[in-house]
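Next come two complexes built around subunit A: one with subunit B, the other with subunit C.
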Partner chain A sequence: MRQFSMIDFVALTTALQYTVLLVILALAFGTPLALLMALLRTSRAAIPRWATAFVLQLVQGIPLLALLMFFYFGLPVFLGVQIPPLVAVTVAFTIYTAVFLGEIWRGGIEAVKQTQWEAAASLGISRWQQFRYVIAPQAMKIALPATVGFLVQLIKGTSLAAVVGFVELTRAGQLVSAATFQPLLVYSVVAAVYFAICFPLTLWSRNLEARLNGSR
Partner chain B sequence: MGNLNFRPLWRYQDAIIEGIITTLWLTLIATLAGLIIGTICAVVLRRGPKPIRYLIYTYIEVIRNTPPLIQIFIVFFVFPGFGVRLDPFPAASIALSLYFGAYASEIIRSGLDSIPRSQVEAGHCLGLSSLQVFVHVVLGPALRNIYPSITSQIVLVLLGTSIASQISTEELFHTAGFIDSRTFRSFEVYALIALIYVLLVTAFRLLFALIGRVAFRWPTRR
Partner chain C sequence: MALVEIRNVQKSFGSLKVLHDVSLSIEEGEIVTIIGRSGSGKSTLLRCINALEEIDGGEILIEGQKVYGKMPNLKELRQRVGIVFQSFNLFPHLKVERNITLAPVLTGRVSKKDARDLALSCLAKVGLQEKIDSYPEQLSGGQQQRVAIARCLAMSPHLMLFDEVTSALDPELVGEVLKVMEDMARQGMTMILVTHEMGFARNVATKIVFMHQGRVWEEGPPAELFENPKTPELQAFIGSTRQV
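For the complex of A and B:
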């Protein structure tokens, strides 16, 4: 048995890189899909609205943990192929990001008054241009605090990748804890690292929200 | 491409039902305890002494900015440090209650803040006692304002109970792992369990919508 030492702390911070990597991958693949979700959800046509509402109900009704397990254990067995852990985990977090962020952005788009669409339409620009130049800038401003808030959710959510054995911060914590027999200390350090990342983001989100409400 | 076969799972219906019941218990305990914690914190944050207010503020921020998985580990491992052996179920209940309590106190606080002072003064002018004012003028309308956010947070707690499986609480998600290890039908197991969660969440949402409609009928909608 050995004590928790500097080496273990280095191991944790190294693993933190993979937490960051997961967040970046989830955002890289998830945000375009989230935009698509938001656009389809606010579409004038009924079928895309219903289809995306169904996807939303489905994904929001499944624990993130189950989503991860499904893509890590379930799907590869069914398809009969090997899927690398990073790919499986990325797919799960991408879907998670697309659905939850898409819903936040839908709220932002719908918070912009209908008259803005009409005013834009009266300028004779196309529907896409109406969105791109008139609605999106306003919606972005409205949705920014909640988007930053979601980022905190996503960072915390990546801890679940530990469950399928992907070595990010939480998994590294489990390994160090098993090696040192000091779970309380190790998990407190891990929690502190998460807190150090998430708390500034939370403050930023709150600040943005206060400023947004002030400017109205 | 494999073939789908849900039949091997049928034998485990008892385990699945027990898992669902444990999941629902965890959700219920965390909801009730969390609401109590949240109400106390919200009230103390408004008019408590400063050191206690800072303590509560720290509690809320720590819970909201760290992963629930880590929280559940810490609760599970903190008690043996004091020589008390805690079973997974009570440990998970405590962790989830503390988790929901932090979110609930923020929501309840915003609900109390949403009632303008003038409304309280109006209540006093009508000759209501302080308690009557708190119950009828502040709490009632505040509850109506926060009902949507509280109920969607409860749904998140229901989904969050799945992480209790990681300290081997035998709830629904733990059952999934158990059946998977016996049948090796990973795809079918996780698809089925995901579907059960979706159904539970849908049932919860419908129930909350129904309760909301009955409980907040008065006064007529603005």
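For the complex of A and C:
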């Protein structure tokens, strides 16, 4: 046994990089899919709407933890090959981001009045241009506070990756705690780090909400 | 050949039939005013002309070209047929200039470089050049509606549709919008408008169409229709508008 020292603090901050990496990967792969989900969910054609509603219900009804375990422990049984932890957790968080962020953005798109689509359509621009230049900027403004709120959820959610042995901040905390036998101190530090990242984002989200509500 | 040819058009919303066998022909340069009570199908007919609503039967031809919701050149048709809405429907996140130039730039009608000049010349026609850098919310209702008209004009339409464009305005702001429309009429723009402004219908229109229960009930030159309404429904309608 040893004391909690600078080395442990460095270990935690190094692990924090992996938390950040996970968030970045989830956003990098998840946001384009989220946009696709939002577009399909608001599509005029019935089949894409139903298909995406099904995916949404499926993922919404499964705990994120179960999703992680499915990709890390479950899927290899089907495939017959071991999936590296980083790949498994990235896939799980990408799906999580695509579905939940997609749903937030769908709400934003639907909050823009139908007459805006009509006005844009009547000027003879394409459906994509109507979305890109008229609907999306207004929807983004509406959905921005909730999007930042989701980011906070995602950052905290990455702690679940610890269960599949992926060494991010929480898993590093477990390891340091086991080495030092000072769980109270170690987990307090871990919690403080999450808080230090999430709290400013929460404030920003609130601030955005207050600001954007006033003018539209 | 008529600019707009409407033949036996049928339209229902669910089980509610809103247009029964409507036929109408509009020549270039005509100012056609559609009048009638709420729910008589006026606005629906107007919206069918640029395929904002799909028709269930009959046909609509614009410059000889059949109009329907999934036509391959729908975009190109809508560039020729402008519509101004009751609730203006300006794009709130864009300045007046961009509201006007968005579609012309995206469709390649004007280069980005010349866009501002286009916006200025269109705004000049509605007397609002000084508002080019404003956002819609900074304008009065009448000004917003004039910008909406300028936005249409920027596409150089062959035909303009006006859907109760003064109905959402405060009474003192109606005049400025009607004046812009009169100017356009004088310059030979073909216009179809749905309106409750009987004075405008009487003085500016070349043809009045009275709609009742989803049908064209009576049509003709304003003097004839207003002085000698043939049907009791039109007589009653004119009577009710005089009282107001």
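Keep this in mind: the second predicted complex is superposed on the first by the 215 of 216 C-alpha atoms of A that agree within 3 Å, B and C clash if a C-alpha of one lies under 4 Å from a C-alpha of the other, contacts with A are read in each partner's own complex, and residues count from 1 in each chain.
Simple rule for what comes next: contacts are C-beta pairs under 8 Å (C-beta built on N, C-alpha and C of every residue); 3 or more make two chains touch, one makes a residue touch a chain.
Treat the numbers as computed from the prediction; the structure is a model and nothing was measured.
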item	value
Which superposed partner A:Ile125 touches (first subunit B, second subunit C, both, neither)	second
Subunit B versus subunit C as contact partner of A:Gln3, first or second or both or neither	neither
First (subunit B), second (subunit C), both or neither touched by A:Gln114	neither
Touch count on subunit A, higher of subunit B and subunit C	B
Touching partner for A:Thr202 - first (subunit B), second (subunit C), both, neither	first
Contacts of A:Gln82 with subunit B and subunit C, given as first, second, both or neither	neither
Partner chain(s) touched by A:Pro63 [first = subunit B, second = subunit C, both, neither]	first
Where subunit A meets both subunit C and subunit B, residue numbers	none
Subunit A residues touching subunit B - in the complex, by the definition given at the top	57-58, 60-67, 69-70, 73-75, 77-80, 152, 156-157, 159-160, 162-163, 170, 173, 183-184, 187-188, 190-191, 194-195, 198-199, 202
Residues of subunit A that touch subunit C when the two form their complex	115-116, 118-126, 129, 133-134, 137-138, 141, 215-216
Complex contact set, residues of subunit C against subunit A	50, 52, 75-79, 82-83, 85, 87, 89-93, 102-103, 106-107, 137, 151-152, 155
Sites on subunit B touched by subunit A in the complex	1-2, 4, 61-62, 64-71, 73-74, 77-78, 81, 159-160, 162-163, 165-166, 173, 176, 180, 184-191, 193-194, 197-202
